[in-house]
Amino acid sequence: MSAAPTSPPLLECRGLCFARNEEPVFGPIDLRVAAGEALLVKGGNGAGKTTLLRVLAGLLTPTAGDVQAMGMSVDAGHLVRGCAFLGHLHGHKGDLTALENLDFSAVLLGANRDPETVLAEVGLSGHEDHQARRLSAGQNKRLALARLRLSPAKLWLLDEPYANLDLDGIELVNRLISMHLDEGGGVLLTTHGAYAAPPVPIRTLELSA
Amino acid sequence: MSNVYVAASFAVTAIILGWDYLSPQLKLRRVRRAIRLRARRDTNRKS
Amino acid sequence: MNRLLLWFNQTGSPPNFDRFAARWTPWAFAVAFVTMAVGVYGALYSVPADYQQGESFRILYIHVPCAWMSLFVFVVMAMQSVIALVWRIKICELLAMACAPVGAAFTLITLLTGSIWGKPTWGTWWTWDPRLTSELVLLFLYVGVMGLYAAIEDRRAAARAAAFLALVGVVNVPIVHFAVNWWNTLHQGSTIRLIGPSKMDTSMLWPLLFTVIASKAWFIGSLLQRARAMNLEQESAKDWAREADGDDA
Amino acid sequence: MNAPSLLALAKAQAERDLRLVWRRRGDALQPLMFALMVVALFPLALGAEPGKLAKIAPGVLWVAVLLSGLLTLDNLFRSDLEDGSLEQLLLSRAPLAWLIAVRVAVHWTVTALPLLIATPLLAELLALPHDLLGPLLASLALGTPLLSLIGAVVAALTVGIRRSGMLLAVLALPLYVPVLVFGAGAVAAASQGLPWLGAIYLLGAGLALALVLAPLAAATALRIALT
Amino acid sequence: MNAPSLLALAKAQAERDLRLVWRRRGDALQPLMFALMVVALFPLALGAEPGKLAKIAPGVLWVAVLLSGLLTLDNLFRSDLEDGSLEQLLLSRAPLAWLIAVRVAVHWTVTALPLLIATPLLAELLALPHDLLGPLLASLALGTPLLSLIGAVVAALTVGIRRSGMLLAVLALPLYVPVLVFGAGAVAAASQGLPWLGAIYLLGAGLALALVLAPLAAATALRIALT
Amino acid sequence: MSAAPTSPPLLECRGLCFARNEEPVFGPIDLRVAAGEALLVKGGNGAGKTTLLRVLAGLLTPTAGDVQAMGMSVDAGHLVRGCAFLGHLHGHKGDLTALENLDFSAVLLGANRDPETVLAEVGLSGHEDHQARRLSAGQNKRLALARLRLSPAKLWLLDEPYANLDLDGIELVNRLISMHLDEGGGVLLTTHGAYAAPPVPIRTLELSA
């Protein structure tokens, strides 16, 4: 959208295959996410979405093919450092409060936004001083989304960002994604296609089990 | 009398080396059988 | 360097390795069995009893080669581990992991024959002297490498983690070897040299030469056999595995 | 994408870890309790004769400290793995080895330092002769950080394995043996009036080496274990 | 809603637990390895003199067995809690105490029995006089199931607390003390030529009592811990 | 539906309140689930749905009010034994295969269906011998649903049964619920209302945060 079409892709992979102990999980995949673009990976349960995302982040080693992220090649020794990753796990400590968790992330990520305002943006104002462990499933998800908003990363890798969220929360995810694209970022997100897709121009990749 | 010690140590060695020799062979046989079973299942499924 | 790597990857490709191992394993074991037979005959019947230790000194002919192998195998494992970690060559991962059980077997033999030997000469099965202790630690390290390899689900990730541990553990090898020099211990210092002047009489040395060769050949045979089984297991879904299986099944 | 300064990172990490400890301050006391109990079990198991106890006191104390350290090791990275924080750490731009060094320092401060402070008390329980307290404290002061650092490497390596508590012990103990031999050896030498500073120097040298190498090794191990 | 027979339940539960152990058969060896290492640590820490070792051997062996049992205890219910199986168990119609009894039996068979079998070897490493092996084995054979049963109650109580490894130890150890005193005491008595069967009978009586009461207590504790 | 309207309710509660450390989580609630009835508990993230379900099962103790399940009163010491409970956790062992897990559940629950056919019903045929740990998020959910089908329990308590499932899976949940109601069972289920509700005559309870 706002990004020039000639900008180098944030994420690109060619002929990517992954096999677990010699059992293929997904076939050769080519994909490209440039600045200002969102790519939606769709697939039913067990199609390999989570696996694909972990391979792209460098957390699993592909069997064949190569991944280039922000101009560097990704392999076992080289994770995609500096991307924002939202997995099935939240990645914050249950014993710390919502705000303490975000404060730490802010330093770690080198954020240039204020944790407190971001918390309010994701609808957790009033819960700043609650320990993350005491938040409900959906509130935890929102806290993880707050970290995304905090991160200065250009590339977002999101695994089922809509899961566990109510209608309001789904709206929030869509808003976050649009803002990020407008700022020239790129997003790759997965969903099993039961509901909700971001209301932005988007390309889709279908995985099948 | 010390022959007992010699015999014991040679016996121990024989047992351990015997295990070292046989266990991979057993494993190889098991793997082979698994491969064959799998191949048969695949051909059955195709036909 | 790159061409070397490519060559290595080609000759070391799983199907090629399978063929290679199938071909050479019997030869290695053949050499091992023959030299072992000669060596054991020499040790048990041809060499006269020692004037100090009597008959029990014959244990030397298996204790010493196995003790040397226990150290040697660990070094080989560590070297393979370096290659596996740096260049990610699959066959080297397999070879490194196949070393562990063989080395553990040699270490166990060393410990057991040593303590059987200790009973008549030192009057006890076991003492906590530096060499014996460090050899026991070596066994733990082997077991640790095997345990770590077994505990991780993904075979290649497991191999790399265990290879890393083998690298860390290799510091123990010089400790075992030099323990007799660094501390005063009950255990015999270095006495035997196969090449050059030895403190042991040559007439008593020759069976040792044979058992030493036998242990080396055994290591090669066992290593190939184990690596082959692991290789085939991991590749069992591939076409070549089915074909190779069809050949001799 | 302004990379945060190393110092700011260290501060944030230390603050976070200390805060987590503080939230479960009951747990922080447990290594101490454990060591206390091992020390208490021995007189019970052996039947208490001061002479006999005094002789084995340095060894028992060292073993107690070592075991209690071993048992807290699993926590070093595991809880971060389970809630996904570790993934986030790996995928951030922050230097991993540096963060690990900070974390090990916090871990040592929380688990080993209280033990060190309580050592005179424990020594008294085992009737350790007073002139041996100096060597014992010196050997522990240098030995326990060494144990923590070595342990961190092993903990990193096994973090991907669920319920690895025991495996961790099996892997770490062989590496702990030299530390134990020199540490307890120093006290034993002192008790026989032999020079004991040599062993202490060796421990110090080992510690210096480990301070540099262990965080790097642990970072590598973490990457290996998690990719 | 036909309630399954007790026997069928026991069979299913034992099968499941054994299968889980088999799937991680590496782990099953670990208590043994741990005990072996604790036994190895002592001579290293004390400096090896056979005479000195022999004296502390029964105590060290008992402590090693006790500690290694203690460390596996946390697994008894924890993994079932973490994946929600425990909730399912509580909400089913099956008699909880009975299932717990089966589980403790499996746990003892898997963790303590191998130790018992290896005891002669461990005793040899510590130069235990041969005539003490009998009392040692007898005391361990009766003492370890008792430890497992008592441990199960404590494990049930602490299962609701995350990372309770240490807390478990701290709570269980006081309860273990009597067992240790009588168990190690029997061997110590035998070593001095005193009658030692009395302590063994006491252990036996304790075991009989615990066999009946501990599963019930553990079931109650589980309910308390989880509601 | 097929059940007579005069049958005693499977689950009934009056004036149920729950507070955590004196902070009320949900107000006084009255509800009733009779045989052949389904009750849908709706509420946004953090509204207290999970908490309500655990209170009803006896896994948490209510602050006020009482719960009667299948004619017995539920309190701290008395769980609703013999209900079928589907929580956020799956309740099967990752190390056992899908079939082994179900086999055990079958004995434990006293089931009268065959585990293998049930597995096929929930769309896991072909995965019988895969360890549960190796199944994807959605496949794990399906395995938990299989246990429901196996259970002879009349009363089902389901916490977000639709989460993590693809369209096909949502269809499956609806089918399972209809069948259970036809057989004279009762169901209480929660959802945050973002999508999907069972296509059966249903009553709804709204929770608000």
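Going in written order, the chains are labelled A, B, C, D, E and F, and every chain counts its residues from 1.
Methods note: a contact is a pair of C-beta atoms (placed from the backbone, for glycine too) under 8 Å apart; a residue touches a chain by one contact, two chains touch by 3 or more.
The model shown is predicted, which means the values in this text are computed figures rather than measured ones.
Path length between chain D and chain F in the touching-chain graph (shortest route): 2.
Think of each touching pair as a link: the shortest run of links from chain C to chain E has 1 of them. Each chain gets a centre from the mean of its Cα atoms; the one farthest from the centre of chain C is F.
The chain pair A-C and the chain pair C-D differ in C-beta contact count, and the higher one is C-D. With centres set at the average Cα position, the gap from chain B to chain E is 34 Å.
We define each chain's centre as the mean of its Cα atoms; on that basis chain A and chain E are separated by 46 Å. Measuring from the averaged C-alpha position of chain B to that of chain D gives a distance of 42 Å.
Multi-chain contact residues of chain E (touching two or more other chains) are listed as 24, 26-27, 33, 37, 44, 79. For chain C, the set of residues touching two or more other chains reads 133, 140, 143, 147, 151, 157, 236-237. Taken as a graph of touching chains, this assembly fits none of the simple shapes: it is neither a line, a ring, a star nor a complete graph. Chain pairs that touch one another, listed by label: A-C, A-D, A-F, B-C, C-D, C-E, D-E, E-F.
Those residues of chain A that touch chain D in the shared complex are 57-61, 76-77, 79-85, 87-96, 100, 103-105, 107-110, 112, 131, 147, 152-153.
By the touch criterion stated above, chain D contacts chain E in their complex at residues 24, 26-27, 30-31, 33-34, 37-38, 41-42, 44-47, 52, 55-56, 58-60, 62-63, 66-67, 71-72, 74-75, 79, 163, 165-167, 169-170, 173, 177, 180-181, 184-185, 188.
Interface residues of chain A, counted against chain F in their complex, comprise 20, 44-48, 50, 88, 134-139, 141-142, 160, 162-170, 192-196.
Looking at the complex, you find that chain C touches chain B at residues 29, 40, 44, 53-56, 58-59, 62-63, 66, 101-102, 105, 108-109, 112-113, 116-117, 119-120, 218, 222, 225-226, 228-229, 232-233, 236-237, 241-242, 245, 249. Touching chain C in their complex are the following residues of chain D: 153-154, 157-158, 160-161, 164, 167, 170-171, 173-175, 177-178, 217, 220-221, 224-225, 227.
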